[in-house]
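Only one structure is covered here, and it is reproduced in the block below.
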Amino acid sequence: MNADSLKSLLTAVANGQTSVEDALSSCRHLSVEDIGYAHIDHHRSLRKGFPEVIFGQNKPVKQIIGIMERMALWEKIILVTRIEEDKAGAVLEKFPDAVYHKDARMICLIKTPLPVSGKGDILVISAGTSDIPVAKEAALTATAMGNRVETIFDVGVAGIHRLFRYKEKIEAAAVLVVVAGMEGALPSVVAGLVDRPVIAVPTSVGYGSSFGGLTALFSMLNSCSSNIAVVNIDNGFGAGFMASIINRL
Amino acid sequence: MNADSLKSLLTAVANGQTSVEDALSSCRHLSVEDIGYAHIDHHRSLRKGFPEVIFGQNKPVKQIIGIMERMALWEKIILVTRIEEDKAGAVLEKFPDAVYHKDARMICLIKTPLPVSGKGDILVISAGTSDIPVAKEAALTATAMGNRVETIFDVGVAGIHRLFRYKEKIEAAAVLVVVAGMEGALPSVVAGLVDRPVIAVPTSVGYGSSFGGLTALFSMLNSCSSNIAVVNIDNGFGAGFMASIINRL
Amino acid sequence: MNADSLKSLLTAVANGQTSVEDALSSCRHLSVEDIGYAHIDHHRSLRKGFPEVIFGQNKPVKQIIGIMERMALWEKIILVTRIEEDKAGAVLEKFPDAVYHKDARMICLIKTPLPVSGKGDILVISAGTSDIPVAKEAALTATAMGNRVETIFDVGVAGIHRLFRYKEKIEAAAVLVVVAGMEGALPSVVAGLVDRPVIAVPTSVGYGSSFGGLTALFSMLNSCSSNIAVVNIDNGFGAGFMASIINRL
Amino acid sequence: MNADSLKSLLTAVANGQTSVEDALSSCRHLSVEDIGYAHIDHHRSLRKGFPEVIFGQNKPVKQIIGIMERMALWEKIILVTRIEEDKAGAVLEKFPDAVYHKDARMICLIKTPLPVSGKGDILVISAGTSDIPVAKEAALTATAMGNRVETIFDVGVAGIHRLFRYKEKIEAAAVLVVVAGMEGALPSVVAGLVDRPVIAVPTSVGYGSSFGGLTALFSMLNSCSSNIAVVNIDNGFGAGFMASIINRL
Amino acid sequence: MNADSLKSLLTAVANGQTSVEDALSSCRHLSVEDIGYAHIDHHRSLRKGFPEVIFGQNKPVKQIIGIMERMALWEKIILVTRIEEDKAGAVLEKFPDAVYHKDARMICLIKTPLPVSGKGDILVISAGTSDIPVAKEAALTATAMGNRVETIFDVGVAGIHRLFRYKEKIEAAAVLVVVAGMEGALPSVVAGLVDRPVIAVPTSVGYGSSFGGLTALFSMLNSCSSNIAVVNIDNGFGAGFMASIINRL
Amino acid sequence: MNADSLKSLLTAVANGQTSVEDALSSCRHLSVEDIGYAHIDHHRSLRKGFPEVIFGQNKPVKQIIGIMERMALWEKIILVTRIEEDKAGAVLEKFPDAVYHKDARMICLIKTPLPVSGKGDILVISAGTSDIPVAKEAALTATAMGNRVETIFDVGVAGIHRLFRYKEKIEAAAVLVVVAGMEGALPSVVAGLVDRPVIAVPTSVGYGSSFGGLTALFSMLNSCSSNIAVVNIDNGFGAGFMASIINRL
Amino acid sequence: MNADSLKSLLTAVANGQTSVEDALSSCRHLSVEDIGYAHIDHHRSLRKGFPEVIFGQNKPVKQIIGIMERMALWEKIILVTRIEEDKAGAVLEKFPDAVYHKDARMICLIKTPLPVSGKGDILVISAGTSDIPVAKEAALTATAMGNRVETIFDVGVAGIHRLFRYKEKIEAAAVLVVVAGMEGALPSVVAGLVDRPVIAVPTSVGYGSSFGGLTALFSMLNSCSSNIAVVNIDNGFGAGFMASIINRL
Amino acid sequence: MNADSLKSLLTAVANGQTSVEDALSSCRHLSVEDIGYAHIDHHRSLRKGFPEVIFGQNKPVKQIIGIMERMALWEKIILVTRIEEDKAGAVLEKFPDAVYHKDARMICLIKTPLPVSGKGDILVISAGTSDIPVAKEAALTATAMGNRVETIFDVGVAGIHRLFRYKEKIEAAAVLVVVAGMEGALPSVVAGLVDRPVIAVPTSVGYGSSFGGLTALFSMLNSCSSNIAVVNIDNGFGAGFMASIINRL
């Protein structure tokens, strides 16, 4: 339930368009709703300005749809992350207005987009071609949360002149999300170029001693730049979310 | 060299108080200065609004003093982190205006404090009594960088009613730094209470399977709250720095 | 062989309904029985009040059925854990009275339920929707062992007000089983609310630096609450068993 | 503040021996008390039947004494764990009635012992001579919490006949704490002999691939016995505490 | 080439049944033979009393057959380990006298069995039902190498009376191979009962913190018994081989 | 774009065969070209003497073909590594002149081979039959980069006389690439025999405590020979590349 | 108590030199003796042919002496391992006949040496100079247990010709103990040269990615030779013991 | 024994200045010399152009001096690495011509320097001030082996413009050694700028999740540049040695 839905409801009561009983019933779910396999927090977008996001991995598609149905009563934006193509198909049959972004493995159901706000642009940079899916998850999240988002892909440190071509764009960003696998060095370099906050996202791209992203993760945590903080491996969503929270401070 | 120093110099030249030759010589260090064991980046506070911070660990005290002497020519604030009491004593003999914060293992040499700015307060919370040194390093850093800083210590999740006594203070903060060792659960709980960015700092406090802070670190990276990003173990300085960068966005 | 079976047998001998020879033959398996691929401990339910439980993972279905056939001669309750749907199907063909709980991956063959006993209720709490299968394994085990069992699902620490809605239920429980993946913080918080024993179960739910449950495991071992002990990752059965043992002390 | 202290106070007020003002002042600390570096939870022994225990490791002795002074106003029992001999000396100067147990690195300040209660005996078993300090920490904790405690030391699995000499004592115990380093096999063997709950404590005793107790910890978590739960490496206190909580269920 | 083959060849030359040229040609492969993807060491059974054993895992079936064809010219026994059922089928078509042991994933092609020799029996013990495949690999290897082999399966430490039923058999063995997954405690207990060498084999059986056998491996390396040495996880072949080498000392 | 292509273009302009406008347009891609999912560095073979190599793993085949199409305009040699058979099939349909090396999982598209140069031969040695794919990747890379390459396969340290048969070849090489899985000991032994640089390549061949190549990797990093440096697990390409760079110094 | 002591006692009783009462009293300790901090197994040398060995690390010197005093009543040989020089001094004051081997950190108190027995020589080989202490611990143990022992030190694989100078000695040994740190490759090479059992001992010698001996340990477990089994890091005593057990089979 | 020493000796014999007997005696050590705790390989500088280097860590100073005394008879250059100041003092008393480099913990005893040779300069770059000791070990080694060596210190990636100031020097080097701790990103960036071989050296500088250099090590192994190979953590000597071997190819 977002602030607008609540306001409409109260106005309808004030106008006599809705009886107090009906309004009460509608508000029943303003608190946490227990649907057996999940507790849906309908208060969340009122309190936080953005509703809960559904983590699709490991969840049966029936549960995903069940949660969406409850949320769809009140929310204008519903995001589902880490959802594979076949499960997404079943969701889209139920919610034809939803859009599935295959490379980012993400469903966006946006009835009314949030107006663009925030201090400035969020810039999402990725080191390699294979890091793009995680980078896109970050970009889609930040966009859905009402930010203007720019992207630069495939500018890893092994050919650092590729990065420097975008110096202006980099310096103009308010918040940066930098995505890298393998040695995970790109966030350190980027953070050294700017005085803005950088959210670093390690990816599981690599082989051998990349350890499914651990090497990149630890590399980022040990950055000698100080305007960096790190999220979990492949957590593009978390990075986009954190960047949005910072941008709208 | 900060912007004020540069402006004074240029004014003095304009007024004829300083000859062009002398000014040139003074500016010699505006670029990076190589003193053998270190490259001092005098541009940094011009570019970034805050000078380099000296990481004291492993550095011979002679090198620390050497770097401080070069920086002190231009900078109004010099911080040294991770410096033990005996080395700090030698530094304070040379720089009697510097202050040593023993529990945070930090030297602050502040000729002219930065004016308080930023969106709001930075709140530093620590889970246990033993986490206080890291929390203080974060708080001192954020204060030196021109923020109003509040602290709450020893409110770990095992007695969560202690935390809830500070609900108002928590909800009022613009940016939060949450410091915890052992199971590292506090940042998740705090982040669930607010819609502001939380910088989580794992500490090496604990024993056995705390692995010198790794358990807390991984716990924080896996937080089911999304408004969290993490810095390295015991990196109070980094957390205070990142929080400041965010707060002044 | 449970105490009732033994008593019936002895009574039959006393009554002359069973010859001593036949009784002897029946008792042959009172000791350990070697069936080639397994040593079945028929003494166990006599000694311990509950028969052996079959760990289904990695065992060929033929062996599972073979063991069940030997046990079924004497036991009133047979549990099989970690058995996938296809193997379970083959078992249920042989034992039509058995019930397969798909989400908990568990077969319960209960000829005569144990009477409810114990100090009080066992409460099973899970942090996330994806932790439910492990939580259900714990709940089914505790129920089969003769306890009254309550459950609360999806009340992770990121929205801690969801947990506090159940404060009374939590404080009323005699023994608690708390199941969590990702950062594994829930058992610490719950244990801080009660003065009863909490069995913590880490799950392999998560990604990246959750390391298949290791992060949750270590988080729980490092809990700053002291009324916690931990079982292996995803070991819902063990937690339910231990809770039952404690409850009937 | 325990229940007795509170009752005395209220009686004194009822009798007019204490003015309401003085009583109020005394009660000031019934809630959580903030002494800067610690939040002391005076409610705890009221709520839980046992006061907070001070974790001495890493805490400056001044802080330990400071916390003890606040607690001593109300509590009848104060325990300090993991405190080295020199720091303990300083504490005992302040609190001459306290006793320091050097091998267990523990201070017990017991004004009025708790009456012995609980379902039965708690038995503490250790595998090797070097595991004794951790075993004693468990035994002292359980004793202070009002249990009858028995101990058997140095009965590791390499000479298992040593263990079997104590079969009766083992079978008679209500709750068992089993302490082992190196391969950590003892809890599995003991748990197989009884139908009571076993709290397993890995110790950091060993070398090479014992990894400071990790091997013993993982060995215990993987026990094929099901009546086992595990606490952190060297956490004798936690094991004694958990055993007491179970015993008084 | 074993000693018998060589003797026959030389006798044939001595008798004039074989020309020197033909004999020379036959001996061409007495040294190492390079067949492109492998160097076959035909000297080995002459030097060591047993030919090379083919490690089937990861090898294309064409290479396995190719190596067998070269070895079959001279050797009386060929073993292939870690070969899955489908690949084994292709091998057996080529070598109809070979036998595939499915649970041990092993092919034995035995033209002439080695006579039984050695100091005494080799006893292979396994802790759980799921450890049987590895135990059988050890037993088949030791049998093929000319030892009398006994086995006891499913006698893990959680029900240690099952083990003690076989005390005599255990004490009678000359060399013991003890196979265990999960907590890996069985070799320690067995080694404490005998004064003979014990080869411990960890298996990858388990889940969660069993880490694919690492916990069992480390447990065995840390055994407080001294008559133990350890081989790699799941290395039944190596254990059977080492036991044979010891037994024929 | 290599030097020859550039020279032809400039000559054509000089001769009037190409207008300045057309030449300009051709040169557009001399700098980095952004094709959305990749930044292609056309300068690279001009600067470095060898074009970028496409890492096929995780890249959709459409992207691989897209990158090849842009590169094929200017480059004489294109390599694609870590590409599975089905994806390779799709590539070869587009580029019929390309060759797929199935065991090395590598595509070589060589329009004009580089002339053989370098100080001497590069020798690639592999320890086991299963290490051959990685060894071949190294050999193909070095060959494509214009070196004479020799190979020796299956000469692991367990039968070290097999290695010594190739002593002359080993001593004659200018640079050596030594590939080994399992215990990874071969590079140490080989490096002890020569005074030339050895590039060591660990492979993921093995099981149990080989940890997917980590054991071999660490073994090589700890070599007591000093003329060794190491590349990532299974990184045959990197080893062949580094050996070529050294050989042409 | 060894067999000789027992025989003397019984003879004395038979001769009337000792009264039955005195003999009984003497035999009191034939069973396990509990001295509070240790259970001394006086049966052990009767049962196993060699008494318990005292692991000195972490044991207070008072306990070591206490155990030795009880053992000295009956045993002819007492070994103490891992005992530092200062603690050894205190022991030698009490037992002037004991000898301290400083580099092996071992005390040997040998009243009557065991006669040399066994199948043949035990050969102890070490890879580097720094591995000698562990190698000596193995050699001293095997010598004390009644074997003829040979040693070769500092013949690591980086200069393998040093090893081959001792080919005859190596081929003549009945059992081999091979000690190596760093890459741990020596046991693989040695085992390839012989058809006798090799006990491999990793040492903690090295730095960086040697991980205190883990790299050598895993290298040895992954040996492509099959006549190898491994003991814990730095466990020279265990290797010497196991080799003796094998040699006297 | 280097080639010059040998030539002088032979000339002296030819001239009759040395009797054959004396020469023979002098040559006694041309083969490997066994001095009990070490096998000195006097052939090495003849075969390899550079004598053995003494690894000082863990070696008693008496052994270091003993080895030096034997080597000093023939060699013109002796290096001792990883030797602490107090042990170095004892060495210098014996060898007054030796020089101790305290920051690199290295002794160089150079009677006759090697002439400068090689393809070009070796450039040693370090990321941070604290990495200088390792960088100096590399530089001293390469200098002693007859290379011209350049150094650049403190140019980490967080302020990458510091690195670019040295672009010409970097591009002019024949071989590069790049030393970095923490995130270990510098070698990737440097290797991207050149087409020469880069030897990457991780250092143990850092804290928290730097894991004593492991993060830097893995970061370097995962570099997306291909002209990189890596040596062990803190192995400045190995890097300098490998760079020299490459430079003189």
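Here the chain labels run A, B, C, D, E, F, G and H in written order, and each chain numbers its own residues starting at 1.
The rule is short, and it goes like this: contacts are C-beta pairs under 8 Å (C-beta built on N, C-alpha and C of every residue); 3 or more make two chains touch, one makes a residue touch a chain.
Fair warning: this is a prediction, and the values are worked out from it, not measured in the lab.
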Inset, instruction - Identify the chains adjacent to both chain A and chain H in the sense defined at the top. - result: B, F
Inset, instruction - Find out how few touching-chain steps suffice to connect chain A with chain D. - result: 2
Legend entry - Chain at maximum distance from chain D, centres defined as averaged CA atoms: F
Legend entry - Repeated interface matching A-H, over half of the contact pairs identical, chosen among F-G, C-D or A-B: F-G
Inset, instruction - Could you give the separation in Å between the centres of chain B and chain H, each centre being the mean of its C-alpha atoms? - result: 39
Inset, instruction - Round to the nearest whole Å and give the separation of the Cα centres of chain A and chain E. - result: 55
Legend entry - chain B-chain C separation of Cα centroids, rounded to whole Å: 50
Legend entry - Where chain A touches two or more other chains at once, by residue number: 159, 208-210, 214, 217, 221-222, 232-233
Legend entry - Listing of all chain pairs that touch each other, if any do: A-B, A-C, A-F, A-H, B-C, B-D, B-H, C-D, C-E, D-E, D-G, E-F, E-G, F-G, F-H, G-H
Inset, instruction - State the interface residues of chain D toward chain B in the complex, per the touch definition above. - result: 32, 36-39, 41, 44, 55, 57-59, 63, 82, 202, 204, 212-214, 217, 232-235
Inset, instruction - Please give the residue numbers of chain E that touch chain C in the complex, ascending. - result: 129-130, 132, 153-155, 159, 161-162, 165, 205, 207-210
Inset, instruction - Flag every residue of chain B that touches chain C in the complex, lowest number first. - result: 127-128, 156-160, 182-185, 188-189, 191-193, 206, 208-211, 214-216, 218-225
Legend entry - Complex contacts: residues of chain G adjacent to chain E: 47-49, 53, 119, 174-175, 195-197, 199, 217, 221-222, 226-233, 237-239, 241-242, 245-247, 249
